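Next come two complexes, and both contain subunit A; in the first it sits with subunit B, in the second with subunit C.
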Partner chain A sequence: MDLQTKKENNAIVVTISGRLDAVTTPEYEKKIRELIDSGDIYFVVDFDQVDYISSAGLRGLLLMAKLLNAKGGRLCLANVKGNVRSVFGMCGFNTVFKIGNSVAEALAVIA
Partner chain B sequence: MPGKNSIVIRLVLVITLSSVAIFVVTLGYNYHQSRTILQSELESNARNLAMSLINKVETQLMAVTKVTEGLARSLETSKLTEQQLLSLLRITVESNPEIYGSFAAFEPYAFNADLRLYAPYYFWKKGKIAFSHLEDSYMDFPYLYWDWYQIPRELGKLEWSEPYFDEGAGNIVMSTCSIPFYNEINGKKQLQGIVGADVSLEALTELVSSVKILRTGYAALLSRNGTILAHPMKDAIMNETFFSIAEARNDPSLRELGKKMIRGETGFIHYQSLAGFMSWMYYTPIPSTGWTLAVVFPETELLENVKKLSMTMAVMGFGGILMLIVAVAYIAKAIIKPLQLLTAATDEIASGNFDVPLPTVHMNDEVGVLTHNFQVMKQSLKEYIKNLTEMTAAKERIQSELRMATQIQVSLLPRTFPPFPEHTEFEIYASMIPAKEVGGDFYDFFFINETNLCFLIADVSDKGVPAALYMMVAKTLLKTEGQRLGEPDKMLTSVNKILAADNDNCMFTTVFCAILDITNGNVRFANAGHNPPLIIDSQGVRYLSPKPGLMLGAMTDTIFVTEHLMLGPEDIFFLYTDGVTEAKNPEDTLYGEERLLNVLQNAPREDLANLIHYINSEVAHHANGAPQSDDITMLAIKMTPHKVCTKDIRKKA
Partner chain C sequence: MVLKDITTEIKKGEIVSIIGPSGTGKSTLLRCLNLLEYPTSGSIYINGIDILDKKVDVAKIRQKMNMVFQSFNLFSHLSVLENLTIGPIKLRGMSKEVARAKALELLRLVGLAEKTGNYPDELSGGQQQRVAIARCLAMEPEIILFDEPTSALDPTMVREVLSVIRRLAKEGMTMAIVTHEMDFARDVSNRVLYMDEGLIYEEGTPEQIFEHPQKEKTKAFINRILSYTCRITSPDYDLYAMNAEIEAFCDKRILSKQTRYNLLLLVEELLQIYRPYLSRVALEMTIAYSEKNECLELICESAGEKVNPLVRENLVDDLGLMIIKNLSESIDYKWSDGKNRLQFVIKKTPLEG
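This part shows the complex of A and B:
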C-alpha cells in the first residue's frame, strides 16, 4: 500500500493505492489518527487505485468515520469501483458512507 | 594449548632472528671498515718504512757515488804519477768504511805507453788494506770485458753494476760504482779509463734484512734485472731472479709484478708472497741503482688484532643475544600467562558455562582491559541468554495458548454430523479450517423452536486473540438472541446494538443469518455485510442477492431486513466466508466467486459432507501450497424430499 495526502480547500485528500488489508491497515489508521489529532476533520479518501479491501480495511474506515463523527468532521469516499465497490455493497457501506464519483464531487459533498 | 604458533615462540624467534641479523651486519661492517682503515694506514706505514730504508741505502750509495766522482775528477784534472794514484786509491778505501774496494782501470796504453793494461785495486781483506792488480787478477777474462767496465765505458756515465761475485779480485758479492774519466787533448775528450768503488752487498743486504716487520714480515731487495739480493729465503739470494721463481711456479701474475718492479714502478699490492702467505707489499725503486726495495706485511698477522676484536665482539654479542632471548621469553611468558588463563576461561564460556570465574588481573594493561571486557561480556551474555530463555518460554506459552484458543474456538462450533439424526427433513453440514493464526470465522445452527432451525455463518474482522474473543461474544449473543427473538432481522438488530455499544476499536463481524422452517422449506434470512450465499437448485447454481446490511458492531442504529426464499426438495443453500473466495495461490490470484460458482455446478450434491470436502480440496488445489491466510468456512443445508417423520419428532420434542 502507498498512501499520499494533500490538502485541498481545508480538506485532506487521502489517496490510497494497492491493498488495504490486515497488514497495511494499521499504517493507514496511524496516519489518519495523526491527521485528525492535528486538527484536520474534513477528509476525502480516493479509492481509485485500491485493488482490494479486507475486513481489516473496512474496520479502518469505520474507525475513521467514528473518530470524525466524534469531532464533528466529515468524510466522503471517492472513485469506489470494481471489487471494492462490490465489497462495500455487500457489507452495507454504501448506506453508511457518502460516496462521490470523483475527488471533486467528494470535495463538494463535504464542503 | 597453542603449539608452534604460540606467541612466546614467535616473539622469541622474531626478536632473536632480528637481533642476530642486526648484529651480524654490524659486526661484518665493523670488520670490513677496520680492514679498510688498517689497509690505508698500512699503505702509508709501508711507504714510510720503505722510504726510510731507501734513505739509508741511498745515503750509503750516494756517499760511494760522491767519492767515486771525486776520484774521477782528480784523475781528470791532474796527471798523477803512479805513486800519487796508488796513494789516492788507498786513502779512499781507508777513509770510507762503506767502500769495500776502489780501483782505477785504464784503457789500453792510456796510463803508460809501454804498458797495455793497468788497473790498481785497493780493498779490504780480513780487516786490512790489500792491494792487487786487476790486470793480473782476471786470468781468463781481462777486466776490459767486465760489465763494470764495459757499461759505463759505452754509456759514458756513472753506472752501478749488477751485483756479481768478484771472483779473482774481491772474492765477495758486490756491486760496483763505475765512472769513466777522460783527458782533453786539443779540446777533444778522450777516454782514459774507468774509476770505481765496490760496495759489499752483504753490508747492504744486512741493512735490509735487519728490518723486522711484525713476526714474519720482511723487506726484500731486487736488482735491476730481478735478481734477489736480500730476502728471508737465503738460498734464493743471488741464485734466483723474480722471473725464475715466477717461471718455476708458473705464476703469470708474479711475472707481471716483477716486470713492474724492474720498470721502476712504485706500488702497493695484495698478493701471495714468495714465502707463500697472503700479504700486502709496498715496492719502490732505489733511485741511484735502479734496484727495487719491497716491504712485505703478512695479512694474517696484520688482521690478527682485528680478528681477535671481532671474535670478542661476536662472543659478547651472542652472549647478549642469549640473554635477550631469555629476557624476551620471560616477558612474553609473563604477558601470555594471564592470556592463557583467560583463554582457558573463555573456552569454558564458549561451551556455555557462564559461571566460570575469569582470572583476576591486577595490571591495568591490555590484558587487564581484555579481561575486564570479557567479564562485562560474560555478564551481558548471561543476562541476555537468561532473558532470551524467559522470552522464548513466554513466547512458547503464548503460542501454545493461541493453539489452545484455536482448538477451543473450533470446539465451540457444532461438529457432530448429522447433528439432529431424528430430523430427516433436512441435511446440514459445515466445516471450518482455521488459518495459522487464531481467526474469527464461525458458524452455528440451533433450533429456536420445534420447527424452526436457525443457521448462520459469520466472519469477525481482524484476526488473533481480539477476534477470537469478539467471536465468542458474537456467537453467544447470536444464539441467545436468536432463541429469544426468533426472527433474523430482530436477532441482528439486537445483537448489533449490544456489540456496537462501547466498540471503540470498531471491531465488527459480518453475519449471514437464516431460519428454516423445516416443515415447508421456507427460509427467512437477513444479512449483516456477509458474502452472498449460493442457491443450488433445479435451475442451476446462482448467487443470492440479499439486501445489503451493515456488519454487526459497526453502527448502533443499523436496520436489518428479513427476506424470504423457498428451498424445494434437494435444493441446497450454500453459505461460505471470504476465506474461500479470497484463498490465494502463489501468484496471488484469488479463488474468486466465479470459480466457486463453476465448481459448485460440478460438485457432488448427494452428500453435503462430500460437497464441502470437494470445495475444500478444490480451494487447496488452487492455493497450490501458498499459506492459508484466513479461515475457510462453509455451511450447506439441503431439504430432503420426504418429510415423513416430522410429526413423530414433533411429538418427541
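This part shows the complex of A and C:
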C-alpha cells in the first residue's frame, strides 16, 4: 500500500493505492492518527487505486471515523468501486460512510 | 534419470498418462520409446518388432511413433505450412500438393488454418504447440508421445492444447502422455502410470490411481497435486507468502480473477478469525479444486478444544463473518477425531455488495 496526502482548501485528501488488508492497515491507521493528532479533521479518502480491501481495512476506516467524530471532524470517501465497493456492500459500509463519485464531489460533501 | 525394471504394454488405441514428481524418469521413458535415448538393456517392441535391434531403421520407427515436445521444437525459419509439409515431403516422399492439402486439413483440425503463412515466433505458445501437434500428425503416426505438452504454456493457453489432444483421443489415436495436468490425465486416459524413483511405482485405471491409490508415495503425490495445503503455526504468519502460493495454485487450476479474489479474501478473513488460536494450536488450511464440478473448496482443520471460531461470541466483531458468508456457497462445521473442521464452498460469481 502507498499513501499520499495533499491539502485541498481546509481538507486533507488521502490517496491510497494497492491493498488495505491485515498487513497494511496498521500503517494506514498510524498515518491517519498522526494527521488527526496534528489538527487535521476534514478528510477525503480516495479509493481510486485501491484494488483490495478486507475487514481489517474496513476496521481502519471505522477507527478513522471514530477519531474524527470525537474531534467534530468530517470524512467522505471517493471512488469506491469494483470489488472494494462489493466488500463495502457486504458489511453495510455503503450506508455507514458518505461516498462521493469523485474527489471533487467528496470535497463538496465535507465543505 | 536411470530407469529400472520398466515393464509395460500399451495397446493400440490406448491412452496412457504418465504422471509423477519431476526427475523420476517420465520423459526419459518417452525418449527411450522414441530412441532419442538408447537403453543399455531390455527390449522395446512395436507391433512385434524389437526397435532396439541394430538392424531396425530408426527413421521408419519414428514415422510410426512421433513425439510432441514441451518446447514445441518448430523450425523457426519455416512458415507454419512449411513446418507441416517438410517431413512428409522429405521423409515420406509425398508430393508437395498432397502434403500441402494434408497440412491444411490438419491445421483446420487444430483450429489454425488461418495461420499457414505465419512464422512460429508470430504465434502464441498455445498456437505453436497446436502447430507442433499438427506437424506430428502430418507424418501419419500410429502412436504419439506427448512430453509435457502444456508445461511451457501460459495457463490461459493450456486448455486450447488439451482440447486438441482430447479430440485425438476420441478419434482413437494411441498416445502416451507425460503430464502434470491431473484432471486431464484422469479424464482422457484409459490407464495411468505413476512413476517414482525411475520405475513404474503404481499403475491402474484413472479411478484406481486418482481415487484409490494403494501405495504411500502415490497417495502423497495425488493429494499434493490436486490441492494446496499449508500449515500455520504462529499468529505471525506471512500473509503475502501464502497469497503467492495460493495464486500459483490458482494459476495451475486456471481459476478466474474473480474466483481468486474471493479465495484470497476468504483466506485472509479466516486467518484473522483464527489468529487468537494460533499461539496454542496449528491450523491446516487446504484448498482443493475439482475441474469436473468446477467447485473450489477450502478446509480449515485445527486440533485442541472443540470450538467453532465462526460462532458470534468468539468474534471481535461481525465484519469478517459477514464477508465470509458472502463469499461462500456453503459453510459446514464438524468436530471429529479430535479436530475442528470448517469446510467452505467458494462462490465463483462476482461479489454481491
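One rule holds for everything that comes next: the second predicted complex is superposed on the first by the 111 of 111 C-alpha atoms of A that agree within 3 Å, B and C clash if a C-alpha of one lies under 4 Å from a C-alpha of the other, contacts with A are read in each partner's own complex, and residues count from 1 in each chain.
Basically, a contact is a pair of C-beta atoms (placed from the backbone, for glycine too) under 8 Å apart; a residue touches a chain by one contact, two chains touch by 3 or more.
Quick caveat: nothing in here was measured; it's all calculated off a predicted structure.
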* Evaluate whether subunit B and subunit C can sit on subunit A together after superposition, giving fit or clash. => clash
* Which of the two partners, first being subunit B and second being subunit C, lies in contact with A:70: first, second, both, or neither? -> neither
* A:58 contacts which: subunit B (first), subunit C (second), both, neither? -> both
* To do: Please indicate which partner A:22 is in contact with in the superposed arrangement: first for subunit B, second for subunit C, both, or neither.
  => both
* To do: With the two complexes superposed on chain A, say which partner A:104 touches: subunit B (first), subunit C (second), both, or neither.
  => neither
* Asked: A:85 contacts which: subunit B (first), subunit C (second), both, neither?
  -> second
* Asked: So, does A:95 touch the first partner subunit B, the second partner subunit C, both, or neither?
  -> first
* To do: Mind sorting out which residues of subunit A both subunit B and subunit C touch, each in its own complex?
  => 22, 54-56, 58-59, 89-92, 94
* Asked: What residues on subunit A touch subunit C, complex-wise?
  -> 21-23, 52, 54-56, 58-59, 83, 85-92, 94
* Asked: Inside the complex, what are the residues of subunit C that reach subunit A?
  -> 239-240, 261, 264-265, 268-269, 271-272, 317-320, 322-323, 326, 350-353
* subunit B-touching residues of subunit A, taken from the complex the two chains share -> 22, 54-56, 58-59, 62-63, 66, 89-96
* Structure fact -> The subunit B residues in contact with subunit A across the complex are 459-463, 505-508, 510, 528-532, 548-551, 554-555, 558, 578, 582
